[in-house]
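Chain IDs A, B, C, D and E follow the sequence of writing; residue 1 opens each chain.
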Amino acid sequence: MSLLTVFQSWFSPLGHFWSYAIAYFLEAVVGLILAALSLIIMIYLFRKYMARLQRRIGPNRVGKYGLLQLIADAMKLMGKEVIFPARRDDLPYRVAPLLVIFGLFAAFFIIPYGNIPYFGSLTISHSDVTVILLFAFMAIMPIGEVLAGISSKNKYSLTGAMRAVAKDISFEVPMMLSIIAVVLMSSARTANALNLQSIITSQVIPYGILEPLGIFVFFVATVARASHTPFDLGESESELVSGFSTEYTGLRFGLFYMGLFGSIFLGSLILSVFYLGGYHGPFAGSIGWVWLMVRAFILVLIFFTVWLAMPRIRIDKFMDLGWKYLLPISFINLVISGVLTLGFGW
Amino acid sequence: MDSSGWTELNIGPQHPSTHGVLRLKVKLDGEIIKDVEPVIGYLHRNAEKLCEMSYYCDNLIYFDRLDYVASMIMESGFLEAAEKVLDIEVPERAKWIRVIMSELSRIASHLVWAGAFGLDLGMLTPFFYCFIQREKILNIFTEVCGSRQQTNYMSIGGVYQDLQEETITHIWEFLKQFPEKLEEIYKLFIKNDIFFSRTKDIGYLPKDVAIDYGVTGPMLRASGVPYDVRKDEPYLTYDKVNFDVPVSQKGDVLARFVVRFEEMRQSARIVKQALEKLPDGPYFNPKGKKSLMIRVRGNGEAYSRVESSKGELGTYIVADGSVRPYRVRIRSPTFKNLSVLPVLAKDTMIADLVSISGSIDLVFGEVDR
Amino acid sequence: MEDTEDKQKTFMGKEYTLGKDGRKIIFLTKDEFLPFMKRLKESGFSHLSLITGVDRRDYIEVVYHLHSISTNEIVVIKVKTKDSRVPSVTSLWSSADWDEREQYDMMGIIFEGHPNLKRILLPEGWIGHPLRKNYDMDTPQYVNMDEDGEDYVTFDSGDGW
Amino acid sequence: MAQVTKTGELGIVTTKLDEAMKWGRSNSLWPLTFGLACCAIEMMAVQASHADVSRFGSEIFRASPRQADLMIVAGTVTKKMAPRVRRLYDEMPYPKYVIAMGACVIQGGPYARGYSVVLGVDRVIPVDVYVPGCPPTPEALQFGLITLQKKIRGETNR
Amino acid sequence: MANVKEVEEPKKPVPVFSMIRGMGMLGKNLLRKPVTIQYPEQMPYIPERFRFRIFLTLDSCVGCTLCEQVCPNGSIKMEHLDRENPHNKRKIYPGVNFGTCTVCRNCEEICPTHAIYLSHEFQTSRTKNSFYYSPEELSKPEHEVLK
């Protein structure tokens, strides 16, 4: 029983095709709303957490405890004048922020969130190769960033885009290798090793404990994917003004801003799904999503702390890190997990 | 080398890492900097001309705004020269108060620098901890003289108002908690691997180049020259207090960072001793006070140097017997320190340019005057 | 660094007077200026602290504050010039570069032999040298920026700020 | 200032929308990271923990003028800098607001008698709120910010 | 040249563990209280000597013009004001352009009768560039001036 089938049963008089179509549509809407809501909560949380860490108070004037702050921000961004740089490449310039946000939300649809009472599973996609789909969607986001940087025809943006490309190449490989290790381990226990659902169900011991190196590599890669400090090489505010998003105004900039926080949230969700056991916990049948959210929440706080405590790494040092350290580590991790799977049969 | 393929990038005048209004014309080969040309003058406020146009006591407000994060030191620098020209003695208590205020000012200045340097490197949080401490110093300044930043506290022949007992206890309270908090900030930086990689062996400044370019202050000391005006030509009562001159032989950005933090510790030490030794007595010389302020006449010429938080601040005053100085010339330390930037930043990356220009401690009121 | 006795009040073969701040002031003519500066540099005055131009209305006095880091001594060198031309010392001290540019900008002193003598603080094209005593403070000059980001100076208040 | 036009025909909807827009704008003024001189340090102090301007929603200091709403001109505007200030202002998207912080920016301040200082930034760009003081204390600047918020909502009499 | 202290270069931190320790230091601050002064509701720390806006006691002004002379940038201009004041025979009082005032306190310092003084009033922002205070306005607090 999942959300999809519940929706489908509501519209079953319309026939097989239409009922499923409407059900998928409704589920997409639900997913979108959830994703947007989580982003708003994330940004609010970030501001409050940052303020607290810096011994400030943070937004508290707009609404009770400043809860309406983000709505005010969104309204302002909507009402802003939209400036297009004169020498832009029109199509990529317009498409870039949409790509970022599309990749983000599409990835949100794939995560298995666990069950809620009555509606059942919140999972929206029912493919058998969700791991591949997930990383395919996630790979769209950097394309948006690079397009944005190149199409604005600004030297800062261009440099930012170049850095973003270099960064993406150097962390993507170790990230994928560490995921392969997870898939390897789960393949010993389940038939659908490429399905996120079955990866979670196969985690009797969370893979994070079995693969400490893997979770480390994946953590670093997630920080790099979200591109916040220490790896915000594409944006790097004190060096390249705003990097690839320098020329963007209003809502388009808002999309980039949401993309940043969204990918932190997405990253922590994926991390908890792959390594920390996803929605496992007491009463997982009914409140599984709560456990997932708790894990993600703690991870998000860790990400924020990293963001606030670290200086920005230099681009060549980052490439060093990616190729000289993370890649060998992830290979070692792969070997270890292979030994664990075959040798001990864990 | 072939310069045709180089990208020209204009950094500034408005740029988050230039600490004001510096413009850097940078020639880039990819990410590697091939040539830097600093363009200054975006904050040229003709302070020297205005000093010639106003009374001696009014000159102070222009000196306040030279190095606006350490205005007390600037004032003492001007008064060192002006009191020689005007033949006005400073009572002992005023000298000690000046020492206390200068050192507090130095701490405040270095704290601003540390916070801004963190922001340059992308560290968001130390900035706030630095400013919490700075706020405490500024509260002391407000108690002492009524203004936070541009204090105009010292006056010719002494100080403007006496130090109250209450303020002294507040300074003690500040000093009691300061070293611990400073260590915390220091560790936040220094215990970080990435910070290390961003600063170590970056922007190496050899000793002879530093002297040749007239670099002074923490930058020179980080290159291994123990030159500190407070020791070499003690002014005020610096000869009566014990403190060390921090020196590092490394000459890179990290060395400058460490030297500045050590200086803050030494400054706290000086303030402690000065508070203990603070004598009773008059806090100003009646010759320079009140309605006489606009009637003091100077003659002759004097050059004074003081150790500001950025380096050696020289003030050269030529008087002609009138109530206004004939010529005031300011040797601003940052002006000289900045001139070495093209040497430091050659063949580094953009990210290094940011950390190097951050380590110079630029304050544009002083560079452009 | 004193190679002669102090009581004769000479310093490196030149007579000096003591300033109000107790520093030795040496007056030089333009001919003996460069060689003497070279000797000073060789004898340890490695830090050129300050170059000042003082407009004495009928002549300009260029004042050099030289500092020796090893002996911690400051010597004041003064050169008088009527046609506001002084030999440049950039070949001896690199720090003279910006200082001389600034003095050119502010006082209009032309340093002969300076590699890059142009205005440093004020925009290129500014009329007059502000720290001269005869600088006209009543005529405001305005600055505007052309398309390439370079400044130009106008007297028309409608064109610039 | 605002781009929303009041036709009066659509009645309550437009008015409500306008009100909501004003509310959003006034509560989310993102300043431009733009420090010129002395006042910039006090502007940083406003950002810092003791005065914490983020309470008013002005937390995010944007480095790019394209994303900023509020320009706090903090520090002396010289004649050489004035064209750049103008360009930065032009690069900001509407609706944009300007706070003139400090005596130098208002009327030239201590440098008013000099030759290279613009006597008031309102000769270069339109200014919404003037905050006197040299430099204004962080609280004075916050008061200026509140005044600006009130001005956007059309409440102030100052 | 005594007392030279060689600062040692700090040791290179252990890559990951020292970073975690650094983040723990941030966590320590999470437990501390915020130091923010919530300005419109709470007033900031204003010591007795804090100075901001200029005020004038009309009755004790003697019209000596010292404040006008000492003002560094000509913010103070003497102004004629018809007012009964036995000390002020010339009937001139200082008017202040607060827009250029640098809060240097020279006028307060030099005033022989303490007529001109600076007060704690700092909420002086306006939406118009008119900060001229006539002598009468100088003697009133800010909210009365605006009326």
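Just so it is clear, contacts are C-beta pairs under 8 Å (C-beta built on N, C-alpha and C of every residue); 3 or more make two chains touch, one makes a residue touch a chain.
Quick caveat: nothing in here was measured; it's all calculated off a predicted structure.
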(message) What are the mutual neighbours of subunit A and subunit D in this structure?
(response) B, E
(request) Taking CA centroids for every chain, report which one is farthest away from subunit B. (result) A
(request) Work out the mean Cα position per chain and let me know which chain is farthest from subunit C. (result) A
(request) Name whichever of A-B and B-E has more C-beta pairs touching across its two chains. (result) B-E
(message) Just the number, please: Cα centre separation of subunit C and subunit D in whole Å.
(response) 41
(message) Nearest whole angstrom, what separates the Cα centre of subunit C from the Cα centre of subunit E?
(response) 38
(request) Using mean C-alpha positions as chain centres, tell me how far subunit A is from subunit E in Å, no decimals. (result) 49
(request) Between subunit B and subunit C, tell me the centre distance in angstrom, where each centre is the average of that chain's C-alpha atoms. (result) 23
(request) Identify all positions of subunit C at which a residue touches two or more other chains, and write them in rising order. (result) 122-123, 130, 135
(request) Scan subunit A for residues touching two or more other chains and write them down. (result) 51, 53-57, 60, 237-238, 241, 308-310
(message) Give the residues of subunit B touching no fewer than two other chains, as numbers and ranges.
(response) 15-16, 41, 44, 46, 49, 61-62, 125, 128-129, 132, 135, 150, 188, 192, 194, 232
(request) All pairs of touching chains, please: list them by chain label. (result) A-B, A-D, A-E, B-C, B-D, B-E, C-D, D-E
(request) Provide the residue numbers of subunit A that touch subunit B in the complex, in ascending order. (result) 50, 53-56, 155-156, 159, 162-163, 229-230, 232, 236-241, 307-317
(message) Residue numbers of subunit D touching subunit B in their complex, please.
(response) 32-38, 40-42, 44-45, 48-50, 63, 65, 75-76, 78, 80-81, 84, 88, 104, 110-111, 113-117, 134-135, 137
(message) Touching residues of subunit B toward subunit D in the complex: what are they?
(response) 13-16, 19-21, 41-47, 49-50, 53, 61-62, 65, 68-69, 112, 115-116, 127-128, 131-132, 134-135, 138, 148-150, 364-365
(request) Flag every residue of subunit E that touches subunit D in the complex, lowest number first. (result) 34-40, 44, 52, 72-74, 97-104, 122-129, 131, 146
(message) Quick check on the complex: what are the subunit D residues that touch subunit A?
(response) 2-4, 20-21, 23-25, 27-28, 49, 52, 54-57, 59, 62-64, 66-67, 69, 91, 93-95
